[in-house]
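Here come two complexes built around subunit A, the first alongside subunit B, the second alongside subunit C.
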Partner chain A sequence: MYGFFLVPADFFGIFWVMTMFDVDKIRADFPVLQEEVYPGVPLVYLDSAASSQKPLVVIEAMNEYYRRYNANVHRGIHRLSEEATNAYEGARERIARFINAAESCEIIYVRNATEGFNLVAYSWGRANIKPGDEILLTEMEHHANIVPWQLLVQEKGAVLRYVPFNEDGTLDLSSLSELLTERTRLFSFTAVSNVFGTINPVKQLVDAAHAVGALVMVDAAQAVPHMAVDVQAWDCDFMAFSSHKMCGPTGIGVLYGKRELLEAMPPFMGGGDMIRRVRLDGSTWNDLPWKFEAGTPSIAEAIGLGTAVDYLTNLGMDNIHAHEQFITNYALEALSEVPGLKVYGPPANQKAGVAAFTLKGLHPHDISELLDKDGIAIRAGHHCAMPLHHKLGLAATARASFYLHTTTQEIDKLVISLHRARKIFRL
Partner chain B sequence: MTQLPARLQEIVEDFSYCEGQEKLEYLLQFAESLPPLPEWLYDKRDQMDHVHECMTPVFVYAEEKNGRLTFHFDIPPESPTVRGYAAILQQGLQGVTPTELLAIPDDFYYQMGLQHVLSAQRLNGISAILAHMKALAQDIQSR
Partner chain C sequence: MDESIYREQIIDLYEHPLNYGKLEPADFSYEEDNPLCGDVVRIDVRLDENNRVAEVAWSGDGCAISQASASLLTEEIKGMTLDEVRAFPKERLLELIGVPLSMARVKCALLSLKVLKAGAYGMPDPEILRKQTNQTEE
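Take a look at the complex of A and B:
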C-alpha cells in the first residue's frame, strides 16, 4: 500500500506537496509484523509508544557484531576490539547527527531515558540544587521525569512545581510566568506526552526558562522516534530518549547534554572506562562522553541503535511524521464513531500518534483483553503517568499508538474490534 | 487435588464445560449478579481491604457469623470481568469456614479455563482477590 498524504513544503507553509510513503515495503522490513498472534490472526501492533518493533537490519547488525567481531571496546589492541570500537563510536557519531548535537561527545549512552533523568538528577542536581531552589515540571510527565526529581528535592530541601494541563491535554501556559522565577533552577518537561500525544512548544518553553536563568531538560522519548529533532534549534541543555521506542534494541538510550554542562558535572557511576588514572589515594576522570559510561557498555545495543538511526534517517523523519499525522487523523475520526468512546488529548494536528481512550462501561484491561483476541496489541493502564490520570479522575486508559508501519486497515480492525467488545459486554 | 467447597466446585465445573467466548459470557453473567455493597458498609470503606494488586479499585470485607464467612465487594461496574470473578468467589465461598477458605488452591481458576479468556497478567491481578480474602480469614481465625 502506498500512503499518499499532504505535507507542508519547506519554504512556504501555505503550499502543500504530495509525497509517498510505501508502508507495505516498510512493513516487510519488520519480521514480527509477518507473525500471527494466534492461528490465522495476524498481529496488529498498536503499542509502539511503549516499545517499537525492530526492523531486520537492526536485528542483523547486532547479530553480526556477536557473530563476527564480538570484543570489548576501547583499549583493545587487536582487530576485533578495533572493529567493535569503531562500530560503537560510529553509532555515537550518527546519533549526534540525527539530533543535530554540536559534538558527538555530547551523546552519553545510558540504559534508557529513565537513566538519563536519573543521571542528571544525581550528578548535576546534587552538585547544584540548594534548599529553596525550585524545579519545574508539568502535570503530564512520565514517572521517569517526576520521581528522580522528587528524590532530589527531598534530599536537598528544594521544591517541585508543576505546569498544569488544560482539559484538552495541552499545557496551560497562562501561569508559566508565575511558575518560572529566579528560584527555578531547572525546567524539565516532555516534548510529546505519552498519554495525550500533545506536541509541546519546546522552543517557547526553553526560551522562557532561559530568560529566568533556568536550565532545561527535555523528555524526548516520544519525540525522537517520530519527528525530526534538532537540539541546537531547541537550545535545550539536556535531553533524554530511549532506543527501544525508535526501532532500536532495549538496554540503551541517550542522554544529550551541552558540553560545558557535562564537563562541569561529577561522574554518575564509578568504575572502568570512566577514569583517566586511578591511584590508591584517588582517581581522575576520563573525557566526555566516557566520564559517564562506567564499566563495559551495551556494545551490541549501541550498534543496533546506530543502525536504527540509519534506518529512520533513510526513510526521512519528516516523512515518518507526516505518515503518523495522517494515520492519527484517520484514527481519531474512526474512533469517534464508536459509541461511548472518549479520546483524551488535543486534535490530530496538535498531537503525535497516540490515542489514549476510555470506553464507557468497560475497564481498559477488558478492552485490551478483547482486542488481543483479534490480534490487536494496545496498552491499558496508567502508562507511567499516574498524576495525569489522577487529575482526569481515571485509574487507567486504553492507549493505541501508531508508528511508521501503521496502516488505515489496522485502524479499521481496531474499530471493528471495539464494536465487537461493546457487543460482547452488552454496552 | 484439594476438594473445593460444593458451590465453588459446581461453578468451576460449569465453566470447564464452556468453550471460548462462552466462558467470557458466563463470567459477565456473574458480574451482573454481584450484589451492591450492603448499606451498613457504605461509610466503612476505610475498614474494607483494598486489593492494591488490582488496577481496578477492588475493596473486600469479610463478615463472620458463627464461624462462617460472608464476603462483600465494592468494584466499579466498568470492570465486569473483575466483578465476575469476585461474584464467583462470593457465591462459591458463601458460608465457608476460614479453614476451608485457606485450603483453596490459589490457582483454582485454571480448572475453569479462565486462562483462555484472560491474560496471565490479568489473572495475577484478580488472583490477588483470593489472597486478600485468605488474609482476612486468617485475621478472623487468629482473633
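Take a look at the complex of A and C:
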C-alpha cells in the first residue's frame, strides 16, 4: 500500500516499523512482561528462541476450555464434547491456513517439533529406508533433526551425510551437487538456524533435493514463529514446528506432511482415536490426520495454539519479521561495541532474530548469571546444537534471541549489563 | 544487585587457578564434562606409599564456578587418604566455595568432585594391587 512512495527498502522497513508496529501495545498483551524478576528489576526476556512468552489471549483460551467446555474430543454425543471437538479441529484449520497447507488433514498434532521428526523417522523411515540409502542433513541442525535419523540409519544400515556450513554460518551450497545423489532418500534441514540465525534458501534446497528424487523435511521451529511460511510455495514434503516458540503453550506442535505421503505411511503409535475398527486379530486405521493421533490428545494446548496463530495472524507475520529485522540490526550494531565480543552467523540482513556470541575472558554461563542479576534472560550452552559448536571449537555460546515484543531499550540494557559483567571480571 | 557469587576469591581463582596442569603418569586420572554447558574437568592424582594424595593437578575449560571449585578441591585433598577422597562430602566443597549457588550452578560447582570421585572409585584398591603383584612375584 506504500509501494508508490519509492523509498529505499531499509528506510521503508524502519519507517514502517516505527510508525505502524506498536511494541508497547504488544508488550501489554504479555502478562509476564509486566513482572519483576527481582524487586525493582523488570524482566528483559531475550530467550524466545528457547521458548516464547504467551499473550493473555492464549492463556485465556486454554482457561476457557477447562472452565466452560472441558470434554474429550471425537467421542461424546453431548454438547460439551461437540464444542471441544469444534475448537480442537477449528484450530487445525487455522494452522493449515497459517502455513498455507492445501488441506487441514495434512496438519498432524504432535507434542513438539522433536516428535514430528521422530514420527517421520519411525513411520516413513522404517517403511522406506534400506541398507545403503542416504539421508542428508546439515551441520547446523538441532539435535531433534539429527538423533532420530541416527537411530534410523543404525537400524537400517543406511548412511547419514551432512552439508557443511561456511565460516559466516551460511550453508556451503557448493557441496550440494556432490552430497545429493540418487542414493539420497531424504534431505532434512532447518529453515532457520537456532544458533547462527541463518535463514536458509529453503526453496532452492527443496528443488535440488527433488531433482535427485529425494524427499524433503524442513525444521521450521525457528521459522514459523518469526516469518510467513508457505509450505506449498516451498513444496517441502514434511515440516515440523513447535507451539511454545510461537506464543502458544508447551505440549503441542505440528507435523505437516503432503497428503499422499501421510496416507501411505503406517501409524506411529497405536491406541484410541487412530483406529477405524479393532478386532482381536487386527485393526484398520482411521483417516488422516487422526491416524497419527492415538489417545486423548492435548486438547487445551491445540486450542491455545490455534489462538496463538490468530494472534500472530492479526499482527501480520511480515510485520513481525520486519520488526525483528530492525531489532536484530540494532542489536548487532550495539553488541559490536562491546570489547572482545564476537557474534556468530551471517550479517543482520540474512539472519533471524538470534545473536549467539562469545565474550573473551567470560564463560557463557557466567555471562548469563551476571545478566540475570539485571533481569535479562538469555541462554548459555550449546543450544541443542553440539555438532555446530564442536565445529566452531566452542563448548558453549551465549545467545540472545528477539521476538515481536523486543525493544531497542532492552538491547541497550543488554549492552550495559555486558559492560558491567566485563568489569566484574576485571576485563 | 547482589553479585555475591562473583566475590573476589572466585575471580582470583578464575584468573590464577591452583594446581592447574597434568600429571603423567598418574595413579588415577579421570575426565568428564557437564552436558548442560560443555564444561570439561580432568583430574590427575599421584598417591604416596601410604595411599595419601601426594600430587594432584586439574585441567579443563569452563565457567568461573567450575574452575574455582576445581582449584579449591584439589588444594583441599592434598594429604588425604584414598578413602577420605572417596568419602569427600559435597557439602564441604560447597562450603569452600562459600557463595550461594542456584541449582543449575551447583552442578558446575560439583563437576570437579564428580570427576575426582569417579577417578578414585575407578582405581583398584592399592592393597589388592600390591597383593596381586606379590602373588605374581611368588
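Brief remarks follow.
Just so we're on the same page, the second predicted complex is superposed on the first by the 408 of 427 C-alpha atoms of A that agree within 3 Å, B and C clash if a C-alpha of one lies under 4 Å from a C-alpha of the other, contacts with A are read in each partner's own complex, and residues count from 1 in each chain.
The rule we apply is simple: a residue touches a chain if its C-beta (ideal position, glycine included) is under 8 Å from a C-beta of that chain, and two chains touch if they have at least 3 such contacts.
Being a predicted model, the structure only gives us computed values, none of them experimental.
Taken together through their common subunit A, the two structures put subunit B and subunit C in a clash. Of the two partner chains, neither subunit B nor subunit C is touched by A:V254. Look at A:I424: by the touch rule set out above, it reaches both subunit B and subunit C. In the superposition on chain A, A:E369 makes contact with both subunit B and subunit C. Shared-chain residue A:L119: touches no atom of subunit B or subunit C.
Of the two partners, subunit B and subunit C, it is C that touches more residues of subunit A.
With the contact threshold set out at the top, residues 363, 365-366, 369, 381-382, 395-396, 424-426 of subunit A are in contact with subunit B in one structure and with subunit C in the other. Within the complex, the subunit A residues that touch subunit C are 38, 41, 363-366, 369-370, 373-374, 380-382, 386, 389, 394-396, 424-426.
Across the complex, subunit B is touched by residues 360-363, 365-366, 369, 372, 381-382, 395-396, 424-426 of subunit A. Those residues of subunit B lying in contact with subunit A across their complex are 21, 24-25, 28, 55-57, 76-82, 117-119, 122, 125.
Only residues 1-3, 5-6, 11, 14-15, 33, 36-40, 61-65, 102, 105, 108 of subunit C touch subunit A when the two sit together in their complex.
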